[in-house]
Each structure stands twice: as structure tokens, then as C-alpha cells.
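In this document, chain identifiers A, B, C and D correspond to the written order of the chains, with residue numbering beginning at 1 in each.
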Amino acid sequence: MDLSVQIGRLRLVNPFIAASGCFGYGVEYAGLLDLASLGGVCVKGLFLNEREGHPPQRIVETPAGMINAIGLQGVGVHRFVEEYLPPLRAAGATVFVNVCGTSIDEYAEVSRILSDHEGVAAIELNISCPNIKEGGIQFGCSLAGTHDVVSAVRKVTTLPVIPKLTPNVTAPASFARAAEEAGADAVSLVNTFLALAIDVETRRPKISNGMGGLSGPAIRPIAVRMTYECASAVKIPVIGMGGITSIGDALEFLIAGASAVQVGTANFVNPLIWNDLRTGLADYMTRHQLSSVSQIVGTLDMKR
Amino acid sequence: MDLSVQIGRLRLVNPFIAASGCFGYGVEYAGLLDLASLGGVCVKGLFLNEREGHPPQRIVETPAGMINAIGLQGVGVHRFVEEYLPPLRAAGATVFVNVCGTSIDEYAEVSRILSDHEGVAAIELNISCPNIKEGGIQFGCSLAGTHDVVSAVRKVTTLPVIPKLTPNVTAPASFARAAEEAGADAVSLVNTFLALAIDVETRRPKISNGMGGLSGPAIRPIAVRMTYECASAVKIPVIGMGGITSIGDALEFLIAGASAVQVGTANFVNPLIWNDLRTGLADYMTRHQLSSVSQIVGTLDMKR
Amino acid sequence: MATPDILTRMPVDAAARVIANTALSVDYNLVALEAPELAALVRPGQFVMIKPHEGHHPLLRRPFSVFELLRSADGRAHGISILSKRVGTSTALVAGLREGDVVACLGPLGRPFEPVEAPVEAWMAAGGVGLAPFMTLAEALVADGNPPTLFYGARRAADLHCADRFERLGIRVVYATEDGSRGARGFVTAPMAEAFAALPGGRQVRVYACGPTPMMRAVNDLTVARGHRCDVSLEQVMGCGLGGCYSCVVKALDEGGHGHYVRSCLAGPIFDGRTIDWTALGH
Amino acid sequence: MATPDILTRMPVDAAARVIANTALSVDYNLVALEAPELAALVRPGQFVMIKPHEGHHPLLRRPFSVFELLRSADGRAHGISILSKRVGTSTALVAGLREGDVVACLGPLGRPFEPVEAPVEAWMAAGGVGLAPFMTLAEALVADGNPPTLFYGARRAADLHCADRFERLGIRVVYATEDGSRGARGFVTAPMAEAFAALPGGRQVRVYACGPTPMMRAVNDLTVARGHRCDVSLEQVMGCGLGGCYSCVVKALDEGGHGHYVRSCLAGPIFDGRTIDWTALGH
């Protein structure tokens, strides 16, 4: 069964991509599964330089979800291209790099460096991380900021540019449109929801950073809605995510209009989920007599 | 133990209020529990006239949550004051009325009629229902709209006016400020998150209206965050809600800055939750040697 | 005005201990629950809202008809049983309950069946797990000296359960199976139509029906066409069972034939079939 | 460069059948799991990530040390046991596991203990459920002909479990309880200090410690002050156990004494205590 999907000019063997921050640099999983069997591997957010991230406790569970404030700990783009990109290439992974910045220049610089190296399939612009003070979400919560970051990166790379949108706004679709106008090849969403869990005995936040980002099944119904809104608003492909734990969940996003999906939190629970997703999709396509994943994308019937 | 709290000039016997739409008109519960033992009973949203609501299926479960699109079925304000207000008064309930409108005039008119009757303790303005086409959230998603509805109602009533805010915006705190400036006595939040669940076999939404509002434990960490943001932004009291299922959950909202809380979805699961909440609060106050609930409100220590 | 009616309901939220859980087949279970206060209040055809587990998965309770009243030697009801068919998450949890487990059980809820008095005949039409609300009705009718007839349909003989319990009450059971493996081949409407044909002139019948919506609709149509009344027990998705959420509505017709959504947990689940807008029913 | 190291890990995700679940006390359980492929890979002190239930409540797996390797008559490891102390939701679910239940069990994970060779003495310092990683280490040391001493502390005698299993391996167990109900009164550091005092001059010791963070820190301080090395097994909150989430970090000191967050599921959970920034440790 052909499970491949097209994101702009990028062909993925299947629509299932490991979400950024939930799959390390990919290499950590090479002993457990075949990285080439994933539609894509989106690595942890990278700045120009190394970053320590927030002190622990960095995660806490919530009903059907979790809050994280990792603070984008990472090795920086230089160490990434030297130490991690080669084994990823060797493993045959389709590598998405999640690019961070505290300034527009930094986004452009990191993207430029990545473009100089073989083995990067696409750039996902993280303009939506709720967990860092400078940069990130400040661009993702402003239409002009979104436009400017995308335009700047667009100028320095021919790689597909995929801004990742935040759900913490009134109308994500308007951000998808701003990204499209600025030359994005696709958009991905959702990043995490800004959230707070309190230890009532100490009256302090449960995680060290105070607030963090909510992910997991809890957010899925909101993420599906936003994916539908964005896919209805733009012509470029949409990559949907938020709480996918099964093929049924993934299909909701595809039917809502996503051309591919990312899986984050569920990978922690079931690192072999990728096999289930592939098998489940093939089974669904057989039952519904479909020969291409594109026949699923955006087929939601909203009429009463 | 004195569990009472003050919302403006309104004194509640305890901080636990039944949330609108999750407790019928209150009278339905009079056979099961003593309505006077609740801090307040917020009745289902009322327009001027009767309203049929959406066709079933109206609810669907999601991970640790549920989506509803009831469509504000209701008896209208006239039947309410005639048929339901008298038994509520007789039962000793502190009655919050959730007021809806398709126009600013309708909000004002319903509020005026309610003010003419004994037994209404406060007016909660539902400017945040995601489930109806006209009115509601269109005011709640615009700062000017919020301001105008609150001002208009403020003019026609001396009852406490409590606009209920939507979480489907970038910065709920700015809406709390707009409400405060327009003369609101308090704000309540959150209403439900706009959400979508899809039946992947039929490729249609699972509920008849298409989209609906997500409530329940799933949303709690986001609701606590928004409550904290609003309480930090305004001087008027904040009533927090969203996914409260236990005293621990309720305390998170109080510590984040809510002066009282509402319980919606959890009441479906455990209609006697009110007893547990009262007992649990008294126990917490004893353990922490507190003599007044106000000693809990807004005591979150956000310093690292 | 619905208010006074509403105020009379005083359900109990019981922490009910599982006395026994008997698997009747791969998907049917009979669960006996200790709940004396609740059991004492049950009227025919009422239901309970059950949560068989801790935690939020799934979030909400589920409605189940009270199947049997469990009685002590002195005749006092000390518990109830439920007949559960596994279709999803909660019914799977119910199937997995073990003796000694405790389930949250709220009830009794809903408008009960009105048992008719002789000489009006009582016929019960059950499809599959739609059998559940009829044991309490049968007992009431038998106690009133008006034993009913049970028309009991299922896909195949293996899906017919607990009929012996009705026969032990002295009730005539007429079977129908889709594959003809027991009783008439086809739906219960076939033997019912025959029974109507054989009915002595002038004899009135009250039909009570519970099962899949198309089956209830067919039974209602048949019954009404013959000039009798059919009370149906509708199964809507219920969020609370108490009138709190307005999720469980069905479109009921007023005297002018105009449809209004009414809460089936309060105004139902038992409805006079003539008052239902069948085309508006969800599934 | 951590990459090559990472690539050598090849854990297995086993659907492990519960062979037995023994309640040792009100909060301690010993759970035997059938998982031959996984068991074959285990090295001393490694852990597994377990999900004892279906559904999202709780959402994530939980880390547990491999306690024993269960061996067939021919000596082949066909399963593992875990020693679980009930502290919250998942450990309560573990306590409730019944024979025949199947749990998702991913492992083995983490950097293992390095068993020292004679003449270096091996001392194991366990606090409470911190005993768990030491059985596999003890077996390796015994097999190498260098049987360790176990210093085993708990609040009270009733909280000391499974020590007999160590004694059966021929290991000397020195007890300490906070209430003095067995062995020395106080913490394990007291008998350890005595043992250090009694140590023949020039004799080297490697201490291995696992237990509450303050206990491990005290043991490390004591050991390092006496000029020996202490390897500790840290317990951070872990989201994945595989290096995917960066939740489990501890601040490790580089040669210049500068702290960097490293993932304890990959770089640990076993660390040389001198390389840890103890003040930065969460709890």
C-alpha cells in the first residue's frame, strides 16, 4: 500500500512525523526502530548556540496530558550538524529541523547553516514555544512577527520552510495566512497550550519554570478544530498535531485537512506507535477502498 | 469553619458555585441535595425567549473531557422567573443567572427583567458560548463588544454583573480589564474551548452542530493559567472554573487568584461533589491553620 | 409546567458493591450490585447512572436499566442487577468488574413504565439488550394479576439471554431471531402482527418496547396502526441522567404536532410512541 | 560526543505477563513479569519503563529498576521482577496487578552499574525501595567473586523487605532503622562510618547508593570524604526513559566544575556522585 504524502515538493513515505522535542535528536531512537520508516523525524528545537534549558522539575502530568517547560535545552546548530546529522542521514531519516531564535537574524542564521548541509529535508520554524522568555512565541503571537520571521528565512534557504503555529491565539487561521503570504511552504500546528499546574500544599507551580506547555490527548479536540480552520484558510499544506495516540486520532487530523501529522507526547508512552499508525492507515484505506492518502485529506463533511 | 467568600458585595456561604449549563435550572437537583449548601447556583443560559437548541447528538466524550453543543436550549427569561425562580428561592439557593443575547439590547432586556424579581443574586453575562452563531462569543472575542455589553447591562441593573470570559482568545486578561473598566463587579472564566471531534468512519463531526465546546479536566491547566493571568490584571474578583473535579483542583484556582470557583462537568460525574468540596476545604484550612478562604486566594508564589 | 414533577425525584448515589458478575456470553454480562437504599426506590423501567472505575477514562457515567431487584428471604429488595452488553469503554469495564469491586451507582432515575391494568393486555417487545427494563415491569404486572407477553428478538438464538427468568414468572415468551435459529425468523414485529390478528375484537393492548431505534419505531408504527398505544424506552446519549446537561433530548410533539426537545432523562426514557418525532431521533 | 554511545542501546518493548504479584506490606509489592527477550539484555542497575494499564490515566509510563532476573532451571533469564513502593497512581495500579494481566514494559534502559573487581570492596547502600537496583549488581559481584556488603536502611523494621534474598547470595547485610527497631538506630551512614573506620589501611572501597536524595548525598559525602568513590542511582521524573523528552536532567559537573544538564535516562541513572551538582537536584 502506498502511504506516501506530498508536502509541497517534499515526498514523505508516510504522513507520520515525530514531533519536535518529543524524539530527542532522533538518534536516541535508532536502536529501537528504523528511522527511515517514519514520514519524518523533527528534531528538538535548535538555537545557534548551546542552551541549558530550565532547571528540573520540567514536566508534570495532568488529566490526559502533560505540561512541559524544558526551556529548549539543546546542543546548538553547529554541534547538531556535526554530531547528529551524519548518523541521522546514515539511518535514512527524513530530517525536519525545528529552528528557534531570539531574533529574526538568529532564525535566518540557523536556517542558513542548515541549508549548507546535506541531509536536512525541511525547516520547521518554532515561533510558538511558550516556555522561553525571549523570542519564539513573541513572533508567533503577532501577525507581523510571523510574517517577518518567515520572509527572512525564506530569503536564505531553498529548503521547505514550515512555520509552527501556536494555539494560544484567537484565530490561528490568520497566522496561517500570514505565513502563506510570507512564502511558507506549509504550516504546522499546534505547539503546546500555555498552562499552569499548582502544588496546593506548597502553593508553588509544580514545574520549576512556573508555566509550561500542555500537550497530549487532552488538547486534541482543540487542535483538530484549529487544523480544520487553518486548512480551510490556506492553500499550502498543513501539518497537524496535538494529542495523537492512535490511527483514529491521526485520521481526525487528516480528515480535518492535514496533509501529514506529527506525534509528540504519545511517542513517550508508546515509542513503537509508528508501526501501529502505518498498519492502521493501510487497514483504513483498504476498508474504505482508497489508493492514496490524499483521498482522505480535507474530506470532512461539515454539513448538518 | 467559616468557608464564606465575598464577591464584591455578595457574600457566598462557600466558594463553590454550580456552573451554568451543568446544573439545569437548579431545581432538578433539589431532590438530591440542599441547594442552600452551595455557594451559588448558576442556571442555564437564558435568552429573552424560549430556544430549542441544537439537534442531538449534543455531547461527545474526549480524553478527560467532553464537547458539548447544546445550543443554549432554554425556557427564556419569562418562564424562568415564573416557574423556576420561586422554587429556587424556596430552596434557599443563591441564584446566579447566566444571561445570553443575540444583541446588546437583548442582554440588557433580560438583565432588566431579572432585576425586577426577588431572588436573583447576580447576573453572569454569557459572552463566551462557542455554540451559537449569533451573539455570545462575537461579543466575548472583541474588547469593544465586551465593554459595550457590560456597560449596557450595568446601566439597567444594580445586581452584581459578572461577564463570563471565553478562553478562545490570545489574552483573556485584556478582556478582564475591558470588563472591569466597563463596570463589571467580577469576571468569571473559562467558558468552553472551541473544539471538534470527527467520526473517522463517516467523516462527519461526532456532534450534530459540527464544532462544540470542550470542558472537563482536560482543560484545567489552561484554565488555571488564564485565571492567574486575569486575577493578576484586575482588581475586581475573579471566579475561576474549568475541569474542577476535587478540592485539590478547586484550590489551584483559589491559589491562582480566584475568589470563588464554579464546577460544571464534574457535577455530571459526581452530583454530590459539593459535600466533598466543603469537607475538603475545611480540612485544608485546618491543616494550614487558615481561618478565612481569603487567606488562600491569590497566594501563588511564582518565584523560582 | 415541569417543575413540581422534577422536585419529587430523590435518587440515591450508592457506592454499590459487586455481589456477582456473570458472563452470559462474549458480550453480555449480568452484574449484581448491593444497594439497599437505591433498590427500595426503584419503579418499573427506571435506570441508574453507573461509573465502574476511578479516574477520567472515560469521564462520564453510563445509563443502565435496572434489570432485576435482588430480594432477601424476607422479600425486601437489597440490590439490583444490570444486564450489560459490551459496546465500548464503560461496558467493557462493567464486563471486567469482579466480586467486591465498588461502583458508583446513582438512581433510580427517569419516568417509570405505567403498568396497565386488566383487561388491557400488556405486551413487552424487547430487542437484544432492550430486554433490560422489562423484568421490573413484568414483576409489577404479575403482581397486579395482569401477566404480560414478552416478544423477544435478537440476531440469533445465542444472543437471547435470561428469558428463563421471565418464564419462571409465568410469562409467555415469543421469540424471533433474524437468522431463524429460535422462534420466528425475522423481527419481533412478525409474531406481534400475528398476535394482533388473533386478538379478540374490542380487546385493548398496551405495548411496551425497548431495543434498537428502528425496531422501536416499527413496533410503535405497527401498534398505533392497530389502534393501540406503545410506550417506548429511548436510549439517548446521557451526560448526567439528572436533567442537568440537556444532552439527552428527544423531539416530543405537543398537542398541535409541534416538536420540542425534552430531556429524556426526566420526561423519559419512557415515552408514548405517538408523541415522538421519530425522524428527528439521532440514531 | 554522546552519539555513538546512544546508538548502542537497543531496548525491547515487551508485553509482559504478570506471573505473580506478592504484597510484601501495605505499600510494597513484588511483581514477577514474563519477558524473556528483555530479561536477556539486562545489566546491573538498569531500569524499565512500565505502563500497568490501558488509557490515559495516568498518561505516561513509570520507571522501575529491574529487581531480580527470574531464571529457568537452565539458568536462562525468562523474566524480571520489580519491587514497587506505592506512592501514587501508577504504583497503586502496579499494586493491583493480578496474575495474567499484561503490562507494557520497555527496557532495559539506562547506564548500568560497573561492578568493581577485587581487591576493591563493594558496599551497597540502600534506603527503602532504593534496594531495587542492587540485586542485579549483587549477583554480578558475587559471580565475579567479589561479594558486596549491603547497608540497608528504612524507617522501621517492617519496611525492610527481601533482605533474605541477599543473605541467600551469601551477602552480609547491615541494617539501620530510624526507630532502632532493627540494626543501628538512625541512617545507614552511621554503620557505614563505622565500617570505614574499621577498614584496613590502603583498602579501596566502591560504594553504590540508591535511596532518597538526602540519603544518597550523605552517603556520597561520607564516602568521598574518606577518599573513595560513590556511584549513586538518581530518581528523576522521567517522561520517556529513552532520551526523547529532556525531562529527567540532572546537573552534572564537567572537569572544570561547570554544571550542565544531562539526561539521567541516558547518562544515568547511575552517576559518579562527585560529578553531580547536589544543590541543583530537584527534590
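The working rule: a contact is a pair of C-beta atoms (placed from the backbone, for glycine too) under 8 Å apart; a residue touches a chain by one contact, two chains touch by 3 or more.
Just so it is clear, the structure is predicted and the values come from calculations on it, not from any experiment.
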Go through A-D and B-D and name the pair with more C-beta contacts between its chains. A-D
Computed distance of Cα centres, subunit C from subunit B, in Å: 35
Compute the distance, rounded to whole Å, between the mean C-alpha positions of subunit B and subunit D. 49
Cα centroid separation, subunit C vs subunit D, in Å, comes to 55
Contacts with two or more other chains, residues of subunit A listed in rising order: 55, 63-65, 208, 216-217
Touching at least 2 other chains, the residues of subunit D are 56-57
If you connect every pair of chains that touch, what shape comes out? Choose line, ring, star, complete or other. complete
What does subunit A use to touch subunit C in their complex? 63-64
Touching subunit A in the complex, subunit C uses residues 56-57
In their shared complex, subunit C is touched by residues of subunit B numbered 21-24, 27-32, 44, 52-53, 55-61, 63-66, 68, 70, 73, 83-84, 87, 208, 216-217, 245, 265, 267-272
Subunit B partner contacts - residues on subunit C that touch it in the complex: 1-3, 6-11, 13, 51, 56-61, 104, 106, 236-237, 239-240, 242-251, 260-261, 266, 280, 282-283
Given the complex, residues on subunit B that touch subunit A span 55, 62-65, 67, 141, 168-170, 193-198, 200, 202-205, 208-211, 214, 216-222, 224-225, 228, 243, 248, 251-252, 255-256, 284, 299-302, 304
